[in-house]
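Below are two complexes that have chain A in common, paired first with chain B and then with chain C.
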Partner chain A sequence: MRFYEYESKALFRRHRLPLGPGQRVNSAAEARQAFGEIGGPVVLKSQVLSGGRMKAGAVKFAESADEAAEHFQSIMPIVVQGESARSVLVERKSAVAQEYFVAITWDGRAKKPVLVFSDMGGIDIEEVAETHPEHVSKTHFSSILPLSPRIAKEAVGAAGVTGAALNRLTPIVFELMKIFLAYDLTLAEINPLARLEDGSFVVLDGHVDMEAEARGNHKKLLEELGIGEDETRQARPPTDFELAGARVNAVDHRGVAGNVVEFDGNLGLVIGAGGGSLTLFDAVRQHGGRPANYCEIGGNPSVKKAEALTQLILSKPGVEKLAVMMNVVSNTRVDIVARGVIKGCIAAGRDPAETIAIFRIPGSWEDEGFKILRKYGVEYCDRSVSMHDAAGRAVAKIS
Partner chain B sequence: MSILISKDTKFIIQGITGREAVNLTRENLDYGARIVGGVTPGRAGRDVYGVPVYDCVRDVVRKEGSLDGSVVSVPPKFTRDAVFEALENRIRLVVVVTENVPRREVAQMVELATLRGARIIGPNCLGIISPDEAKMGGVGGPAANTRQAYTKGNIGVMSRSGGMTTEIASTLTAAGLGQSTCVSIGGDAIVGTSYAELMPLFEADPETRAIAIYSEPGGRMEAELAEWIQANNSRLPVVAFMAGRFMDEMKGMRFGHAGTIVEGKEDTTAEKIKRMEQAGISVAERIEEIPRLLEKRLAEVK
Partner chain C sequence: MPGLFIDVKVDPEVAKDAGIAAKLEEVCPVGIFVAAASGVEIDEQNLDECVLCDLCIEAAPKNGVRVIKLYES
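Entry: the complex of A and B
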């Protein structure tokens, strides 16, 4: 879950990382006032989660209060990679002598945090790593041994930095390492971290990502930052349909029937589980089908949940039929899903036999499940029909 | 032969009195597993299908002597501690079933396991099965369902999805290809044991003659596997299936498992497929193509 720049900086401020004066503003008048309070040239930055602000023209410098107000007006409407600005951050423009890069993330291969540091900040770090590898250091560190500043020192030194800069950078980098582990972050980045002409350091831009699974451990921080539980912060905000899917899944704690993602097709998908859903979604598309949604059924959801999920998908405009498909199941009971989807069809005023294009869930309790399906005249198949072919049968029924 | 587990593997279930763990205990016992104890703090003296329950792993060790493995099925916020407890009681194989464990805690579990010379499978996995020998974890479900899908043979299976482990085994079984050991390695961004880390075990297992893997978007595990195969001149033909190809068009969106999100400059499925093919891995377009591709590759080895 990505934080906005102003939220990341609020977190940094709690840990006394060096930050210049700045204010988040929501109107031209506020921008004008912020200029006055900061007193001098400022930078105005659109608050969006996506990158590429600079290129989009959503970062501008102002020399006067009038100019700050003007820039606010021009920045706010700019859509950056499909995302509208939440607000604008006004900060003092600093006299920069040099820019550094520091980031910490998880290396899934080493299974440890990795600290990436460079004295060539401000530009694309991947590019620096290719063209000037001696200016980028990568340092893995332990997640169970006590954190030690010498790791930060070594990382800074390995990028070729020495002297006063090394001694001033070390505690900043060390603090970021602590923040990374303390808040279950998956990314903590400062870029650029600037050395000013007077030798002091300041965080110019930075952002953090918190692991979604760990949100429950950091409720207090999230509350302080005003990040609501409904803010998923995915690549795009959730649709009403997706929010309704989350509510269906929250009805009880039995199994999963949710993780709904909306698409604009005509074939509703009641599919599972994690890997099975990915496989089936691909299969539907390979047959030329147009899914109305992605979803996941897993564990052993109640009849009620499967029913509510079915109803929700059928309530989406343009959904002609449903395909109910999973990989061979071990924990999910076939009969329970069968019962749920049939009840969901009936509750939506649709004939299950007409609506369910195919039911392909082989595995535990399949005989009981198939009996119910036969009773309602629903087409089903067992494991002898592959996931791919089952998807093909469903797509063939829509045209 | 098989890898990781056999019918002699002596293991425990941590969190044994939980609803899912109770089912899992029944299913594992029915499949012939040697479960010598279970742990749930405060529940010592009870039993689950005849398996005695203890408060601490230490107490099981005192009664039963050293243990080979543990299946950890406790809520996410107790998972790290349960794994630490297993590791500090000299258990060398820990299967973590629990889902939604934050990455930091997974990394901590894995780091301690490495220090202790132990191995973690999972988290967010269904465990390990060596058909007709034993299983550890929920893989395959009830014993009758498990026997229907899994048969003994020469194919090693590794999968980032628990359910797809069974789908693949079932497809192999239908084609007359049995399995040596199938490992559900887990769907998280950090897992205890990756494909490449299991390869040396399969390589050393005379029973295993080829490998089938199920793969997903996210992470670098396929690149790591490709490198391992090339660096070690592996004797084992590998056939892979890549799911989630549609996600290439949807960077930054998460589908399926916690590990399946393509961020930054990570490999798309198209790039993963390319890397694997360059390393000599055959990539199946559909699950049902896996048996034919395996047979073709096995015929080439002969």
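Entry: the complex of A and C
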């Protein structure tokens, strides 16, 4: 669950991270007043959850109160990656000497948080990592053992920072590590973290994402930040396809079938929820496939739900075939899913044998499921075929 | 619409029995049997939801209910 910049900064402020003066405004008059109170040149930034504000023209600098008011009027209507501005953040324009990047996220492979630091902030960190790898450090740390500022210092130093900058950056980075763990975040990022001409540091932009499942543990904080319980805070608003998927899932209480995320590929995916589905999604991409969607199906959904989900995915323009794949399942019946996807194909006017590129769901009632698949001529495999290879078979049928 | 995968046949004599009709409606976890005034009716919309639990077979007299897997024929 993503926080707006102003909310991220409110969280940072509680932890005494260095922030310049700023105000969130909702009208041109407030923007004008904010300019006066902040005193001096300001930057106005659209408050959206998506990135790309600068490119969209939703960040502007103002040298006067009139200009601040004008910029407010021009920024508010700008839609950034499909998202309208919630408000505008007005902050003092800083005299920056150097920009740094610091972010903490989870490394799924290492199963630990990873701290990424660079002394080349303000620009795309992936580009920096490619062109100037010596300016980027990556440091894993434990989420169980006590944290130490030494970890932060080593991470900053590993990017080539020395002297006073190293000493001043260390407590900021250390605090961000603590924030990351304390609030069950999946991302805590400051970019840029600026060194001003007077040698002090200030957080110019920052974002945090909280693990959606952890919302219940942080009710008080969310309430204080004004984040309502009904705000899903995805990185972008759901598409019509995704909303239709949610409606499919809501049809009855049995299992899950319908949590979909839309992509622009040609291979529709009916894949189980959790780590297996992420592995399968990645496997499709590794084989050069282009998924049309991510989805979750499991926990014994009704045949009707599996059918409706299949129909929905097949209704997406450009979807040529389906891959129906899961890890070994014990809580979802193979025959029930087989019935659902075959019915979905038929309801969509498609031949299941032609449309289902591969069916790889091993587990409970698989013999019954395989009988159904054989009857309809659908290619299937059991657990002797890895998820990776099954994904490869599906991709091979498309390309 | 009849089921694509499953059909359920109830013996006409058994179907008329209001007590068995009520029992079948009660035991089927996916709502395939409806206890109507005339006896047991089949809700065709739900046929393919059958989970092959055999509870209906156990609730009826011997051979009173048959659950047919159409994909085996």
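In this section, the second predicted complex is superposed on the first by the 234 of 399 C-alpha atoms of A that agree within 3 Å, B and C clash if a C-alpha of one lies under 4 Å from a C-alpha of the other, contacts with A are read in each partner's own complex, and residues count from 1 in each chain.
The rule we apply is simple: contacts are C-beta pairs under 8 Å (C-beta built on N, C-alpha and C of every residue); 3 or more make two chains touch, one makes a residue touch a chain.
From a predicted model like this one, the values you see are computed outputs, not experimental measurements.
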#### Entry: When both partners are placed on the shared chain, which of chain B and chain C touches more of chain A
B
### Task
Scan A:G206 for contacts with chain B and chain C and give back first, second, both or neither.
neither
### Message
Just to be sure I read the superposition right, which of the two partners does A:S302 touch: chain B = first, chain C = second, or both, or neither?
### Response
second
### Query
In the superposed arrangement, does A:K343 touch chain B (first), chain C (second), both or neither?
second
### Query
A:D184 contacts which: chain B (first), chain C (second), both, neither?
first
### Task
Tell me which partner A:P113 touches in the superposition: chain B (first), chain C (second), both or neither.
first
### Query
So, A:P192: does it touch chain B (first), chain C (second), both, or neither?
neither
#### Entry: Which superposed partner A:E368 touches (first chain B, second chain C, both, neither)
second
### Message
If I apply the document's touch criterion, which positions on chain A are contacted by chain B in one structure and by chain C in the other?
### Response
none
### Touching residues (chain side chain A, partner chain B) in the complex
106, 108-109, 111-113, 126, 142-144, 181, 184, 186, 211-214, 217, 234-236, 259, 261, 272-279, 281-283, 285, 294, 296, 298, 326-331, 362-364, 383-384, 386-389
### chain A to chain C touching residues, read off their complex
302-304, 333, 335-336, 339, 342-343, 346, 368, 371-372, 375-376
### Query
Across the complex, what residues on chain B touch chain A?
23, 76, 100-104, 106-108, 110-112, 126, 138-142, 145-146, 149, 159-164, 166-167, 170-171, 174, 187, 189-190, 194, 214, 216-217, 219-221, 224, 241, 243-247, 250-260, 265, 286-288
### Summary
chain A partner, complex, touching residues on chain C are 4-5, 30, 48-49, 51-52, 69, 71-72
